[in-house]
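Please read through the structure below; I'll follow up with questions.
Chains: A, B, C and D, in written order; residue numbering restarts at 1 for each.
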Amino acid sequence: MVTYFTDIYNGLLSLFVGMGITFKEFFKPTVTVAYPYETLTMCARFRGHIELVPDEEGNSKCVVCGLCEKACPSDCISLAGEKPEGGKKKELTKYVLDFTRCSLCGSCVESCNFGAIDFSKEYNLASTRKEDFIFDLLKRLEEKKK
Amino acid sequence: MNSPIVLQPDETFILNVGPQHPATHGVLRVKMEMSGEYIVNAETVIGYIHRMHEKMGEVKTYPQFLMNLSRMDYLGALGYSHCHVLVVEKASGIEVPERAEYIRAITVELNRIASHLFWFGAFVMDLGGFSPLMYALQDREHILDMLEGVTGSRLTYCYYRFGGLYNDIDDDFISAARRFIPRMRKSLVKYRKLVTGNVIFRKRLEGIAPITSEMCRKYGATGAVARGSGINFDVRKNEPYSVYPEFDFDIPVYHECDSLARYMVRMDEIEQSLRIVEQGLDKLPGGPIMPDKKPKMIKPPVGDFYQAVETARGSFGVRLVSDGSKNPYRLKLRSPTYSNMHLFDEACRGMMIMDALAFMGSLDLVIPEIDR
Amino acid sequence: MSLTLLNVLFAVISAIAFAALNAAYLVWAERRGAARIQRRPGPNINGPFGLLQPPLDGIKLMAKQLTIPGGADKVLFIAAPVLAMFPAIMSFVTIPFSETIVAKNMNVGVLMIFAFAAMGGMSLVFAGWSSRNKYAMMSSVRAVSQAVAYEIPMLITTITVVMISGSMDLMEIVRQQSGSILHWNIFPILGNSHNILMPFSFLIFFICTLAETNRAPFDLGEAESELVAGFHTEYGSMGFGLFFMGEYANIVIGSCLTTILFLGGWNCPFGLFPGVWWFILKLYLLIATFIWIRWTFPRTTIYGLLNLSWKILIPLSLFNLLFTAGLLKVF
Amino acid sequence: MICEKTKLALQSLFPEPKPEPVNIVEGASEVSEKKGKAPAPPRQDGLLERDYAIHGYHLDAQVSPDQLLKAVSILDAAQFFIESITGVDWINDNQLEVVYDFSRYDFDVCRVVIRTRIDRSNPVVPTITNIYDGANWHERETHDFFGIKFDGHPHLIPLLLPEDADFHPLLKDFKA
C-alpha cells in the first residue's frame, strides 16, 4: 500500500522534473542555422570534389602521370595529355571527374606528387540530371583563369 | 506484460513490418505472425541494401578499400576503419607511431559518443519522445564539427591510413574537444533527468525483452547487448589493442538483461569514452603521424589474420586471407549487429508489438552494417 | 421561429469557424512550441512568424487526391473523418465562454459534451475498421479500450464536481465558483465543499483529457513508431486534414471543460473583472500545457495506459467521490 | 589456461597427434600460390598453435567435415561464443574452406578457428545450428556467397542476396 502511493508520487515527480527541463530549454536561444539564408563557412580541410590547382600562370600543375587515375577506387577520373611540339613536358588536354561515382576518399589527392589536385569547398551540389555531375575540371580551371 | 496467452494457430495474422517502417531505421523487414498485439513468431528479412563489400575487398587494392569501411556503419565509421587498418598493419608488420595511435583512440571514442548519442535520440523517438533526439543531435553536432575539421568529412570518414593517419590534429581540435567534455557531462545530467528518470520511459523498458547470457553466447551477441546481460566483455579490455591499455576506464555491465540495462550500458559508455578522450588529450605524445618508412605498396605476406575491435555496436572483426598480392584473397567483415539482430527472432516471441519494437531499438541497429 | 433558426445557424457557423481557426492555428502553435523546446525556429518563412503556414498547409491538403484503398468499406471510410470533426463542433454550442457568450446554454450541458465525446471514439473505430489495413485495425482496437478505460475516471471526477455544484448546467457550475482562486473547484477552500482532495481530482481529470483526446503520452492510436500512423494510415488529403482538425478541436473542448469544471471559467483569480478574456487565457494556458507535455514525454504502452486507468485513476477518483459526498453531508 | 585445455580437447580429434612443429616462418604451412613456384599442397587436417600477436587467434584446427560437429561441441562445452562463419575459395586446390571463428566472453583470451575443407564440386558440410542457434544466418550467408550447402539447416534460403539468386559472388570464378 505504501509503495503504491510512493510509486505514484515518484512517478509524478519524475514527470515534473522532465517538464522542468523542457521548460528551461524553451527559453534558450535556437541553435540551428536557417540554411539557404545563412550559411556556415566550410572548415579548411573540408573535402569537396577535387579540383585542379593552378600554378602562378593559372595553368594546371598536372604532368599527366596518371597516378590519380590508378589510385581511384571507383574509376572516377579520366585524363589525357599530349606533348606539345617542341615541349618537354606532357600537357593536360582532358581531365574529367565523374562525381556520380566519387566517394570523396581523397586517394587521388594523396597520390599526386605534384600538388596538382586539391579538394574544393563546394557543397551546394544538387541536380536532377546525372550529366551535371560529370565535371570537366580543365574547363573549370580555364574559367577560373579568366 | 508477457502474460501467458493461449494462442490458437488459426487466429494469427501476418504483419509485415518494414522494409519501410518508422521503427526499423532503414530497410529492415520483419515478418511477424501476430495474435492480436502479441507476436507469435517473427522472421527477420535482411539484405535490402546488401552491397557485397567483401567482394569489393577482393577486387580493390588495400588502400582503395579504405573508404568502404566507413560506408558499412555510417554512425560509428571510425571504429570500423580502425579494425581494417589494424589487421593490415599487423599482417604486414607496419609500425604505427604512437601519436597516430593516440589520435586514433581519441577520434574513435569521439565517434563512439556520436554514435551513442544518435542511438539515444533515435531510441527515445522509437518510444515516442521527440525532444531528446534534438538535444542529442545538438551535442553530436559538436563532435561532427570537430571530426570534420580534422578528417574533412562529417559522416563517412576516410581518415586512417596503413601506418598512420591522413591528417594531424590541430590545436582547434584539441581545444574544441576539451570544451566538449564538460559540456557533454552536463548534457548527460540533463538526459538522466529528462529520460532515464522518467517513469513512463522506465516502465516501458524495465523487464522487457530479457536476453540471458546463454542466449548471447549462442548467438554471438557482443557490445551493449552482451554487457546488458551481465557479460563483462569488451574487446578494448579483453583483448587490448592500439593504445587502450594506457587508458583508465571501466566497462559498464548491468545484470538486469532487459532493454533498460542495454540503455544504461550505452549511457554509461558515453561517460567512459569521455574519460578516454580526456586522458588521450592529456597524454598525447608528439611526433610524426606516419611512419618514416612509408611502405610504397601494401602487400601483406601469405597468411590468415584476424583482428577484432570494439566498435559502438559491439565486436567488429576483419579476417584477412592474403596471398601476398596487392589485393586481399579474402576479406571477411564480421559485423556486430548481424549477430545482435539475429537473436531478435527468438527473443521477441510472445512480446507485444510495441515492446518488440522498443527492444529492436535497444539493439542499436544500423542496417547497412548488417547487410554490408 | 426564423429568428431562432438564424440564431442557431449563426451559433453553428461561429462554432465551426472557432473550431477550424483553432485547429489550424494550434497546429502552428504546436509546431512553434515544439521547435522552441527543441531549440529550433519552427515554421517562420511564410508570413510574419510563419503565420501563413496553416492556410497554406490546408490548401496543400485540399489539393491532394483523396484515395480510398481497394477493399475498404467506402461508406465508413468517408464517414469516419466527418465523425471526428462533427462531435467536436457540436460540443462548442453549449460551452459558455462568458456570462453572455454562449451559443445555446442547456441545463444538461455536461451530459451533452460527454455524449459527443463518446462519438469521437467511434470515428477512430470506423476509420481503423474500414481502412482494411492491419496497422489501422490494431489502432482502432486500442482506441476502444482506451476510450472505455478513460471515460470512467473522467465521468467519476465530473460527477464529483456536479455533486459540489448541484447542477449539470455549465453556466451554473461556473457561477458557483465565482470569486477568487480559492472559490474555484481546484482549491475550493472558500467554496461550498472545502474538499482538500480537489487538486488531485483536477490532475486526474487532466490526465483523462489527455487520454480522451489521444494526445501524447497517450497517443497510442496513432503511435507512429509502431503502427505507422494508426487509424489514419490510409487517409490522405482532407480526410487526414479532418482527423487532424478534429484532434485539435477535441483538445480545445477538453481544455474548455477543464476550465469550466475546475478553473472557474471566466472568473479572475483575484475575484476582479470577470470576463471572457480570463476564460481565453486559462484555455490557452491549458492547451500550451498539452503541447508542452507532448514534447517532453515518451509514449506509454497500451497495458501501461490501462494499468494507469484501472489501478490508479479509477480507485483514486472513486475515493474522491466518496470523500466529497461525505464532506457535503457534513457541511 | 583455457587455451591449453581447448588445445588438448581438440587434439583428441586427431588420432595420431603428430607433433606439429610451430613454424617460425609464417605462412609456410599455408597454401601459397606465388608465381614461379609449384603450388604447395593443400594443408592437411590437424591442429596448429598460432602466434596471437601476428594472426589474432590462438588455435587453428582443420578438421574433416565429419569431425566438425564434434569439434564445435567441444567449444560449446567450453563456453565459447560463435563469432562468425565464412568461406574461402581455394580454386587452385579445387577446394572450398569453411571457417568458423569462436571466442570467449572472458579475460582469459582464446580465439579458436575451426576450418574444414570440402571438394568444390560437391560442397556439403553438416550444419551446426543445432549447437549454436546463431550459426543460422552465418550459414545462410555462406551459402549465398559460396554455394556451400549446410546439411540439416532448417531454412537455407538466400539471406543477403535476392531470393531468386542462383549465383555465388565470392567464388573466384564468378563473373558479374
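In this text, a residue touches a chain if its C-beta (ideal position, glycine included) is under 8 Å from a C-beta of that chain, and two chains touch if they have at least 3 such contacts.
Values in this document were obtained by computation on a predicted structure and should not be read as measured data.
Common neighbours of chain B and chain C (chains touching each): A. Using mean Cα coordinates as chain centres, the one most removed from chain C is D. The leading chain pair by number of C-beta pairs in contact is B-D.
Once the centre of each chain is set as its mean CA position, chain B and chain D turn out to be 26 Å apart. Note on chain placement: the centre of chain A and the centre of chain C lie 50 Å apart, centres being C-alpha means. Between the CA-based centres of chain A and chain D the separation comes to 42 Å, rounded to the whole angstrom. Distance from the chain C centre to the chain D centre is 64 Å, each centre being the mean of its Cα atoms. Touching two or more other chains at once are residues 37-40, 295-297 of chain C.
In chain D, no position touches at least two other chains.
Among the residues of chain A, those touching two or more other chains are numbered 15, 18, 21-22, 25, 31. Chain pairs that touch one another: A-B, A-C, B-C, B-D. Only residues 46-47, 50, 52, 54-55, 58, 87, 90-91, 213, 215-221, 226, 231-233, 237-239, 301-308, 315, 317, 319, 321, 323-324, 329-330, 332, 334, 338-339, 342-343, 346, 371-372 of chain B touch chain D when the two sit together in their complex.
The touching residues of chain C, when paired with chain B in their complex, are 34, 37-40, 134-135, 138, 141, 216-217, 219, 223-226, 228, 295-304.
Contact residues on chain A toward chain B in their complex (touch as defined above): 10-12, 14-15, 17-18, 20-22, 25, 31, 43-47, 71-73, 103-107, 110, 119.
Within the complex formed with chain C, the chain A residues making contact are 8, 15, 18-19, 21-23, 25-32, 34.
Of all residues in chain B, only 1, 13, 15, 21-23, 34, 36-37, 124-131, 134-135, 138, 194-195, 198, 200-201, 203-204, 352-355, 357 touch chain C in the complex they form.
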